[in-house]
């Protein structure tokens, strides 16, 4: 919930509002039968969009915001970290014209889902030389765009290793650990651009998601791994931890 | 052939070079067994790209240049005029994330090919109310992007009628007739942007085309309507005039 | 007063709101002792800014919006039409790095004020060959940016004549007369961009104006030609018609 | 000397050419009576520009490239490090519409020159709380743009501390030391953009410099601290080390 009155809110950057309130953190959350939400935060789902997608529009919006934060058409795109946003980013990048999408993920379950989302190549950084693989697939240039969605120091290191001269790194993955870089070699000589990505432009991404989903450009089903009744909540959390589950749809009155 | 020395050439805008020379107009043309071309105008076709596409890369490059002259992902795109560049633009817009592609064309043969290129809807302005059709398919907004490739006064009028407030019109189609507009209603109140599109950024579009073609994102075959031996040149020209033919591949030593 | 709910309002384009209401046209106007204004349309003047500037912030905002609708630093800028917005645009273009500012105006009084606003050159299209003058001052290139603020067919013709290949024309001046162009010669071969400019991004331009005014970058005093008591309203209107007056400050309780 | 054939050279990014050769490093240098330079690297100084500026156009071009690598008009700009490029950046930012320019520099001699270049405020990070000073001068927002030109870990830390949410940091200053950041706090939550800046777009910056210098928008004389005969070369180097000298003009045949 953006304040609507700060510099950022007033200049189209409400997603980095200075006084943002997060439901569940700064205001009563949504683990209740009813929740009070400002009118402006409510979006009516287009009837042409499968209803189950309603529950995953927010992370999809983050993916759309990240992918479209710079040019993407005809570019090679590498995604480090295949949690739900990373998986959705694969679909969004493909739908918006990325020539190649590389997924990089240590967890085997997530790599399997990444492949189902139709990444052009999926790499395991624990056993593969990711940089060599990507250079070989990009005429030695490296990836035009890297979306860092893991928040792990090794993944961040990989992001800087694989981006091409003049490329873009969009950073989403959060980490509390300090990250050390060689600014001259990693950033300046390569002339890259790095973006901190936080949240999403709410309405713009809603319009974009609606347009892409209605057009049938995004198949997100592989990322919806589980559909459970609310009473099975605890056991489902286990599958999230192992990476076997990605997005879990919870049905209040038992699985539909 | 750009001069390489004017303001435009030196600032990345060689496609609008002040001293451009066109082969066949300002220099000896290519209707000969051999032709002299500057080294920098030669592009080596990637072996992964079907060889027959080599002969249509130039108009494809115009289409890529036009479509990507502004944002395209998740946008609705209308194309007025389905000659070869218009047809290619359908494929490029789809491949780069346009949510909907509308094709507008008076010739029935070209409309048929436009449908084969997978335009989401194809309209005949002679018999259909194009504006009403597009408003109805875009929540009453109009098209986000209009690519004017017909060069006919009526098509240009349609372009201004169907573009949404704040949208973009990219103009390619040439016409020697004066065009009359109501600047206040057609341009200013709607806050639109109009681009004159001439040629293409040569290398950038070559890189983009190569990436998209190698990725299998573009199927241009419906636009290649005829394959003829060079000796049948004259009869093929007839089919071009009627619109039955779009791109004709001419084989010097008989049809392959 | 923008509606806040249409596509344009929700994506940072409220200045081209589909349902905009203009005070004095669609709602009771401001020629009254009190006026009701939505809270979001009120801007508190920074105490460091001369209070008399408060009454001219709206047209200044239009000028800021127009000048900064594209790159301006180190560019040559031509302004056709020197009403208040045109005059303010001279100051804004200079303050934001335009290398040369050319003012074009038929009225001698306005030309005089344009010179006082420190335009680098002021031309009278009735007696001077404006195109030749500007080509000569721009190494034969033409103006990088043209701001069309006259709304007269001849001024619009001049705008297209003087813009350089690859340049920008921003259109503000309203005209009810149809304008005829040769699209091929005037727009396409030159590869120019044309923008319809309507209103202003309200908050963004307020922030920009505040920053520039506080920094002392804009001297708008030459455009404030008259300061009158409200009772002298009628006679002041005469001076507006002749062009002798540009911005007239009206003091409710007599001239300060 | 860019190769002219790599991806970067062919797409307008020759300043980050993969095969760039630096005169004096990869080819015979310019400490000689004659030097061989490719024709395309030669720029004829406009006769209206003071001849002494010829020798400082290259670092001025770096400053222009850095300042104009993003929006600058009506922005607050902080420059960390006032070597020659930093000093020139003060002048360029002012000339292109920055509302406020803050200079941050530990060396007292350089701070003095920064003030002469008309920085709005000059801070000594050794004795002043730079963050507090800048927040106070920017309504608590921080600087819209930070140009990091010191290459020192403390200056880099300051850059991230003072940039506002959604702001830009352009990195030029080289350092061999590893820099440690908290990616979440420093980059992601603030939604900032970081650019690695290397070299300059050669022709574009030449055109921009020429336009700004001819227009008299840049007074660089405070940065030219010394004019010496070539025979006094060694003693002048001492003054460079202490920071007393910034740009030193060396006259082959004795001081003019």
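Think of it as A, B, C and D in the order they're written, each chain with its own count starting at 1.
One rule holds in what follows: a residue touches a chain if its C-beta (ideal position, glycine included) is under 8 Å from a C-beta of that chain, and two chains touch if they have at least 3 such contacts.
Remember, predicted model here, so these are calculated numbers, not experimental data.
Common neighbours of chain A and chain C under the contact rule above are B, D. Seen from the Cα centre of chain A, the chain whose own Cα centre is farthest off is C. Contact tally for C-D versus A-D: the pair with more C-beta pairs in contact is A-D. Per-chain CA centroids place chain B at a distance of 42 Å from chain D.
Measuring from the averaged C-alpha position of chain C to that of chain D gives a distance of 34 Å.
Inter-chain spacing, taken between the CA centroids of chain A and chain D, is 36 Å. Residues of chain B in contact with two or more other chains: 7, 207. By the touch rule above, chain A contacts chain C in their complex via residues 7, 10-12, 201, 203-204, 207. Per the touch definition, chain B reaches chain C in the complex via residues 7-8, 13, 15-16, 18, 139, 141, 151, 156, 164-166, 171-172, 174-176, 178-184, 187-198.
Considering their complex, residues 64, 68, 72-76, 95-97, 99-100, 120, 207-209, 211-212, 214-215, 217 of chain A touch chain B.
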